[in-house]
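The two complexes that follow have chain A in common; it is paired with chain B in the first and with chain C in the second.
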Partner chain A sequence: METEQKSIRALKCEQSVLSRADGSVMFSQGNTVVMASVYGPLEAKIQKELSDRMYVEVNYKPKIGMPGVAERGKEKLVKTTCNHIILTNLHPRTAVCITIQEMQDGGTLLSASINAVCLALLDSGLPLQCLVAAVTCLVDKKDKIVLDPCIRTVKEGYKAMFTFAFDSQKYNLILSHCEGQVPYTLFQEAMELCQKASHIIFDFYRQAVIRKFSKELL
Partner chain B sequence: MKETPLSICEKQCVVQAVKEGQRIDGRSLSEQRKPCITFGTEWGCCQVLLGNTRVMAQVSCSIQVPKSSRANEGMLFINVEMSTMAAEHFEAGRLGQQGIEVNRLVERCIKDSRCVDLESLCILVEEQAWEVRVDIHVLNHEGNLIDAATLAALGALCHFKRPDVTLDGREVIVHQLDERDPVPLTILHYPLTLSFALFDQGKIYALDPTNLEERSADGKLVLGLNAYRELCTLQISGDGVFIRKEAVLSCANVAASRAVEMVEMLKKCLAADAAERIKGKYDGLVSSVALEAERVTTQSQARTYFKAPAHNLEENADEESLPVPKIKLVKDQGIVTLQTRSDASSSESDTEMDPLPPVPVVKKRVYEEIDIGNDSEEESVMLITNELT
Partner chain C sequence: MATDHKTLQPLEFYKTFLDRKSRPDGRSLLEFRKVTVNAGSIGTADGSAIVKCGNTTVICGIKAEIAVPGMDEPAKGFIIPNVTLPPLCSSKIKSGPPGEAAQTATQFIAELVANNIILDLHTLCIHSSKWAWVLHCDLVCINLDGSLLDACVIALITALKNVTLPTVTYDEELDKLICDSDQKRPLEGIKQPVTSTFSLFENGILISDPTSEEEQLAAGLTSITVESTLVTHMYKPGGCTLDEKQVKKLIQQSELKAKEIVRLIEEVCLSSIAER
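After this line comes the complex of A and B, so read on.
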């Protein structure tokens, strides 16, 4: 159905969920649940210390088994996104340690991780240049674009899967991760659709922060 | 990053309080924090909250060649993962001394007590058997990781279901999850650990210590017990601790009654989870997101929230009784001006004062109450159509 394919699943988050981390969030997008924590600025190890900016370290932890190559790939993508949005020049010779824990896999783990990291950074109070929203969409075997697919759709097979991340100021593209093969027009259409969807995620961030600061002391 | 050192006054405060029978969070010396157990959509996923300590366990299985020494048994492998998420001094990937201790104690309690029937995991003797793997992730360290990890591991093992297998002669057919219902593991008994922090050279013991209490304590006593009050594990550690045998027995009594209660609670949570799944729309850990309203009322660290007062311009104009503020907001045809009051005279004298440049109307902002309803799906699913340009 047309409307089903072009909607993103329900978003839910709980901020400051961990008592020790500087910033933490438990974020769910449909059935995908991800927990992200931010510690920073921390003392950096001497090998990793950078003289003019903060070193961003990302750890992605899968639920089953030891982290492998796929996890390192996700870490690298999240790290480049974070380097763009965090104002690293304000804290030279320090490090920020971001950890992402997969809690429940309902498809689209990469975009859920990026969204969770953004909320955790908001919760931690680190200075950010802008926010980031990531959306995944896939092109199924019948050339239809499905936005924010659930794990059943992903398992049925697809021609291509895209994850795009946009910034909150001009909705420019920060990150684009693609697998598969499709004609350029479909890619363009998918990117525009994801850009529209990112507005919803930015709205959700705003709502989440308003709710966080408007609870009564019980 | 190194752990922040424990200050002397913090340690003295905890030790002094415990000597008087009091604890920082208001519990008694033999009171445990109330555990909160939730399960995920995948079979074998269990999250445990012990106060603020948060641990998640996931069970998975694969077919391997059984060990030659035990050719008719399956295998159980327990792995504890501690990352920087739990505490800033934990290193990702590498278990420090504390991590190794937690790993070993969970293994001793669950594996060495043989609570999982490994013989039922054998498929073909000497050729194929199930290897069950438990990955325990420590998410937040606020004391007593051992108890939380064991509870999570046990909950995950009880929750887990493996694919059904049929033997056709010597051929093994593993059925998919939608072909045939998966089969639960055979759990023979339910062992759990209960930790005590020992103070005053072993004379005083506190059940379920928080992080601060653990660090201030002289030593630790860990007991592994099951629902039949049978002892599975015992470990005493700490230097300068001389614990007497009567103290160990009384600890064991306290722990045994607590273990029985915890196993009851675990079984209830498992039954509730099974009932939820039958209902149909099951979202697993999503329902544990934003459990906040329940947790703020516990005795563990209450987070401070504030509610911004509702901005109401009509109210400000009516407040004549305040002697101090001489500036009042006057709302006049939608334009708010700041006006200084020279005498006690009313606002008709505003013509002698130059009004400050008009400030645009502040819209009335009322922060809404949080409702913990389950209609989040209705408000957050947004439909994008082509008209959204």
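After this line comes the complex of A and C, so read on.
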């Protein structure tokens, strides 16, 4: 078993792209481009209001067509991740509305969405417990692990595709989503590889925030 | 006194049990509830099953029809799952269009189907690019008490094993489908993935097969699907973090549960075939 690709694709982001949103980002990972916006804390609807915490609402908009059941699945994954990283106890009876717009599908939409949401939350200034970095990897039909696959690799077919998200404190697993079957040893190897790659994404977040504030200071 | 404590501070009440490594219903932390499976109870369906995991009850009914395969996959049939959570199953479900819980459960099952984890969809093809079977699988939960995904997967597998389809042949010259309703055959090649749900608390406490109260109090939830020795899906939608050792422990627990459930499903299917 060899790893074909030991690093993730190029990461680019532009923060505060939307003038009205509290936090927004246009994020690209290779050819996958996603825009995320954060509005919050907002006044929550009475049905959704929670007495002790902030209610997190996520909307995922696909590029074409109406959001369907698949989009609901992605929304749930992002929502429960955000519930963990945002310090919701500090803003009870309010809501935060996160919107993810798919701009271009280059193969790893779920992990790009999670990374974009993390950057947008950083941009918005909401209090966070930790940051989150998501990485996708693919086990192709010859048992080779490919990190951060592009859409062509995905379309060629695979044995399994994993998306893992890690926190920035202890690099433990926050989110896991898999498609396909592999023996446990391959699963563990894929998880370790993604964990190492998450360090690159955390460094990128740091660089993005340094750049943003150095521009403001000028 | 205990009920007052439970209403006012549910998490504290629950923690008093966790400190003693036990739970309100008397189970140990990693013990699963009793699973009861019944196959073939719905006469009008092509295949059916009822599963009870503790109090969580899910009914699966499968209806087959014939359709033209899609242009991008001309040799594949279809399995269309749909998980319904009617308001009668839980006080938290309101009437109206399917809520988030039902849609995410449907998406979970649809992903298992799409990755050929339950059945190779090529076996449902009658004639490539002309005709294929479509199996509409309706999973209705009539009592929701945690671990919905576990019960849904067991119900779906058992119902699929219970399905009998009439033999259909395609006559190329006449361009007609000839259906023989007397010759019914079961589906072949149904795999047996088993899902186990665990809830996670801070301080690294892991609890298996949570009830709906335990799911609400938990800091995180994860559902692990295994099939014999292969890890199929680790569905962990956010929530509190897990380190490698905990992941390994959960996967080992799921494998233990999977062995028992597979044995149970095979017993039920054998006895339902004997009844026919």
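Keep in mind that, in the parts below, the second predicted complex is superposed on the first by the 211 of 218 C-alpha atoms of A that agree within 3 Å, B and C clash if a C-alpha of one lies under 4 Å from a C-alpha of the other, contacts with A are read in each partner's own complex, and residues count from 1 in each chain.
In the analysis below, contacts are C-beta pairs under 8 Å (C-beta built on N, C-alpha and C of every residue); 3 or more make two chains touch, one makes a residue touch a chain.
This is a predicted model, so every value here is computed, not measured.
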item: Clash-or-fit label for the pair chain B, chain C on chain A; value: fit
item: Touched partner set for A:Ser19, first chain B, second chain C, both or neither; value: first
item: Chain B versus chain C, judged by how many residues of chain A each one touches; value: B
item: Chain B versus chain C as contact partner of A:Met35, first or second or both or neither; value: first
item: First (chain B), second (chain C), both or neither touched by A:Gly180; value: second
item: Which superposed partner A:Leu11 touches (first chain B, second chain C, both, neither); value: first
item: Chain B versus chain C as contact partner of A:Thr153, first or second or both or neither; value: neither
item: Touching partner for A:Arg211 - first (chain B), second (chain C), both, neither; value: first
item: Chain B versus chain C as contact partner of A:Thr80, first or second or both or neither; value: second
item: Nearest Cα pair across chain B and chain C, whole Å; value: 10
item: Complex contacts: residues of chain A adjacent to chain C; value: 69-70, 72-73, 75-84, 165-167, 170, 172-184, 187-188, 191-192
item: Chain C residues within the chain A interface of the complex; value: 100, 103-104, 106-108, 110-111, 114-115, 117, 219-220, 222, 227, 229-244, 247-248, 251
item: Chain B partner contacts - residues on chain A that touch it in the complex; value: 3, 6-14, 16, 18-21, 24, 26-28, 31, 33, 35, 37, 39, 42-43, 59, 61, 63-65, 67, 97, 99, 101, 103-106, 147, 193, 196-197, 200, 204, 210-218
item: List of chain B residues in touch with chain A within their complex; value: 1, 40-42, 45, 47, 52, 54, 56, 58, 60, 81, 83-88, 92-93, 133, 135, 137, 139-142, 283-286, 288-292, 296-297, 300-308, 367-370, 376-377, 380-385, 388
